[in-house]
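The letters A, B and C name the chains in turn, as written, and every chain counts its residues from 1.
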Amino acid sequence: MRLSYNFAFLDENTKREIRRSILKAISIPGYQVPFASRELPIAKGWGTGGLQITLSIIGPDDMLKVIDQGCDYSVNAVNIKKFIKAMTGVETTTDTTKATVIQTRHRIPEEPLRQDQILVLQVPYPEPLRLVEPSEEETRRMHEEKDYGKMYLYLYEDILRYGEITIGARYPVMVNKRYIMDPTPIPRWDVPRLNMADNLFLFGAGREKKIYAVPPYTTVEPLEFEDFKFRVEDFSGKACYKCGATDTFLDEIVEDGTVRRLYACSDTSYCEKRMEANKHAGSSKSF
Amino acid sequence: MLLRVENLSKKFEIKVGQKKLIESINGISFELEKGEFLALCGPSGAGKSSILKCIYRTYIPTKGHILYNSYEYGLVPIQKAPDWQMIRLRRKEIGYVSQFFSVIPRVSAMDIVAEPLVRYFGVDEKEARERARWLLRRLGIPSNLLDAYPSTFSGGEQQRVNIARAIIWKPRLLLLDEPTASLDEKSARIVLELLKELKEEEVGMIGIFHNEAHLKAIADKVLEVKKYE
Amino acid sequence: MRVVLRVSNLTKIHGKGCPECLSITGPKQETNICRRCSSVVACADVSFELYEGEILGILGESGSGKSTVIKLLNFEIEPTFGEAHLYDVRGAEWVNGKNLFSLNSYQKRMLKNTVIGVVYQNPLLGLNPNVSAAGNVADSLLVSGWRNYSSIKNRVEYLLEKMEFPNHRMKDLPRNLSGGMQQRVQIAKALANEPSILLLDEPTTGLDLSVQARVLDLIRKIHQELNLSIIFVSHDLRVINLLADRVIVMKLGRIVEMGLTDQILNDPQHEYTQLLVSSQL
């Protein structure tokens, strides 16, 4: 159903400019590159940044996957996927291992990505220092001068008051030992995946008009103290009630009608794969 | 030659309010050798204290030369010596016992006396305090006052702390402005004894005494200071 | 006695400035505002040396430029012209021979944190109001790269204890502390990285007298124990007399007199100094 739209909706000049910004972002890992964010049929704040990146890099032979908090079937993920498919005609999939471009909101897929895959993350707030400094001019200066004392001070105060670092999502990381970056509201669980990965990560903030990137094999280190180290969420004693996994990020579900708490894999496609495998193996509790 | 003063004059130029010129001393000359005690005498207001203050550089001389033979720097023209050099000389070579006790609040008598040894002569704190204790006791300060703040002491006790603080580190040149003024006879005798000991150790001294007997007991020579004409 | 800091011709003009600014302002002209271009000559031609281990006083009233000098030396503001040099200061050997004002912001920040400490009259200028007392002291350590929480905590507690700051109030925000306590935190913070030079801008003004006394005692104590070279700014002659060996007297942005403290107090040469001395003592 292609009306008179250009391939991937955006005009070629826009795509070229966004690609330029992406290249710049890749050459300065963790640095927020400003870009002129375009109008889309989706409102700002609903993934337009990630969408513009995807639209700029996708080609007719690519295989697209779109997830929202790990799930392929959420309304937003489905809408974005439908839009991109309509504008490009590319094939889509829910299988992480088959996709070449994956657009995601707030989660990184469980299955590790390869060199030929690109993960595009939707960014609500690109500035990690906003937590400690309200002025944009000042945060830009802090990045420029690598003056990150205030950020470490925040962590210090956390430990002083609560005995531990209490930041959950949007955990600040040091990229390539130079810039502090906001990895988006992915859970702590996913943060280690950014470090020295085989694949490219691209981050787009449409409303805030910033693009940043983590190239493959780049160090991404969560901020921590020598004696108060970064920790991921603890799921010991819990397992996915559908596939039995004990090594994935789990969502907590309260069953309707009862007060029973259940846990399920946040990465739905991975969970489905495991359930398929279990069926063939004959048991749903084999792990 | 330890100190030579040539034609020393001091005038105060008041530039505020009723502008005027106050003449203090004029044409003072003398020489001092190591181990000598020069007494300044003359009527009140003649400018004896001013001479001491010019040598110590509390006053800037208007005219004349003050040549001091420094251990560290050789011959120093005090009237135009740079500030940092004066600070150094005051810490290590030139001592001053003033008429009034400058109150350093909240420091005990023993610590006040020990301080110069610790700060400028590298003496271990414990040892410095021991020496201070010994000296103060010798000067007749009761033991219970050693750890007290001198602001509560009598005039005579304060004066003795003053003296102790200046002589504990054995200066090369010692200036004394009425050191026995507030002391009873017994204490005065002890002070004069100590000064005599310093003389034997080649300390050059210039002092002002109101009490003639005290003056006679210690001075080798006397300079009459007349009121400025 | 060796020089650790030399300041030459330090000048700060607020406003666009003009060729006449310097010649038509100053103590003789009784103003620091240039009547041609309305610029304010906050300080001009300020030159002096700071010797190792001394306390140098800067005495002046409001508008004298004394606080401007501190702000310039602490890199809060940039000079219009003038230079400053450090000589063989521990931890700053890399800066020997360089004009401090020509350093880039990163280098200035390093100096500010590790070699030069500052204590302001208003504690909230020197403290971060959103961070606890302990956090404020830790800040200096974090900026210079300390990354072990326990080590930081120990050093913070040690410093605050030396400042006689009560341990159980370490987590309090500055606004919940009394003036005297805020100053103790500021001093602890300034000393965190063992600076060699300390700039004190009226640190006790506004405090209750008994508190003033304790803070001054503290300053004297740390001066002796750490052999700091200190610049102490005040309008109060008694405090200067108590602490400083030498004094610089400033009026309307210029130095009018400089000398030994007792000489300035007993035999002031300049008209303004005479006025100051006679009105205070």
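The criterion applied here is as follows: a residue touches a chain if its C-beta (ideal position, glycine included) is under 8 Å from a C-beta of that chain, and two chains touch if they have at least 3 such contacts.
Not measured: the values here are computed from a predicted model.
Trainee: Would you identify the chain whose Cα-based centre sits farthest away from the centre of chain B?
Mentor: Chain A.
Trainee: Which chain is in the middle, if each chain's centre is the mean of its C-alpha atoms?
Mentor: C
Trainee: Compute the distance, rounded to whole Å, between the mean C-alpha positions of chain B and chain C.
Mentor: That gives a centre separation of 33 Å.
Trainee: Please work out the Cα centroid separation of chain A and chain B, and write it as a whole number of Å.
Mentor: Taking the average C-alpha coordinate of chain A and of chain B, the gap between them is 79 Å.
Trainee: Using mean CA coordinates as chain centres, what's the chain A-chain C distance in Å?
Mentor: So the centroids are 48 Å from each other.
Trainee: I need the residues of chain B touching at least two other chains; which ones are they?
Mentor: If we look for residues of chain B contacting two or more partner chains, we find none.
Trainee: Can you check the complex and tell me which residues of chain C touch chain A?
Mentor: Counting only chain C, the residues touching chain A are 105-106, 109, 128, 131-132, 134-135, 138-139, 142-143, 147-150, 152-153, 170-171.
Trainee: For the complex, which residues does chain C have touching chain B?
Mentor: Touching chain B from chain C are residues 1, 49, 51, 54, 213, 217, 224, 242, 245-246, 258-260, 262-263, 266-267, 269-271, 274-275, 278.
Trainee: Note which residues of chain A are touching chain C in the complex, please.
Mentor: 145-147, 149-150, 152-153, 156-157, 159-161, 225-228
Trainee: Under the stated contact criterion, what part of chain B meets chain C in this complex?
Mentor: Residues in contact with chain C: 12-16, 53, 57-60, 83-84, 86-88, 104-106, 119.
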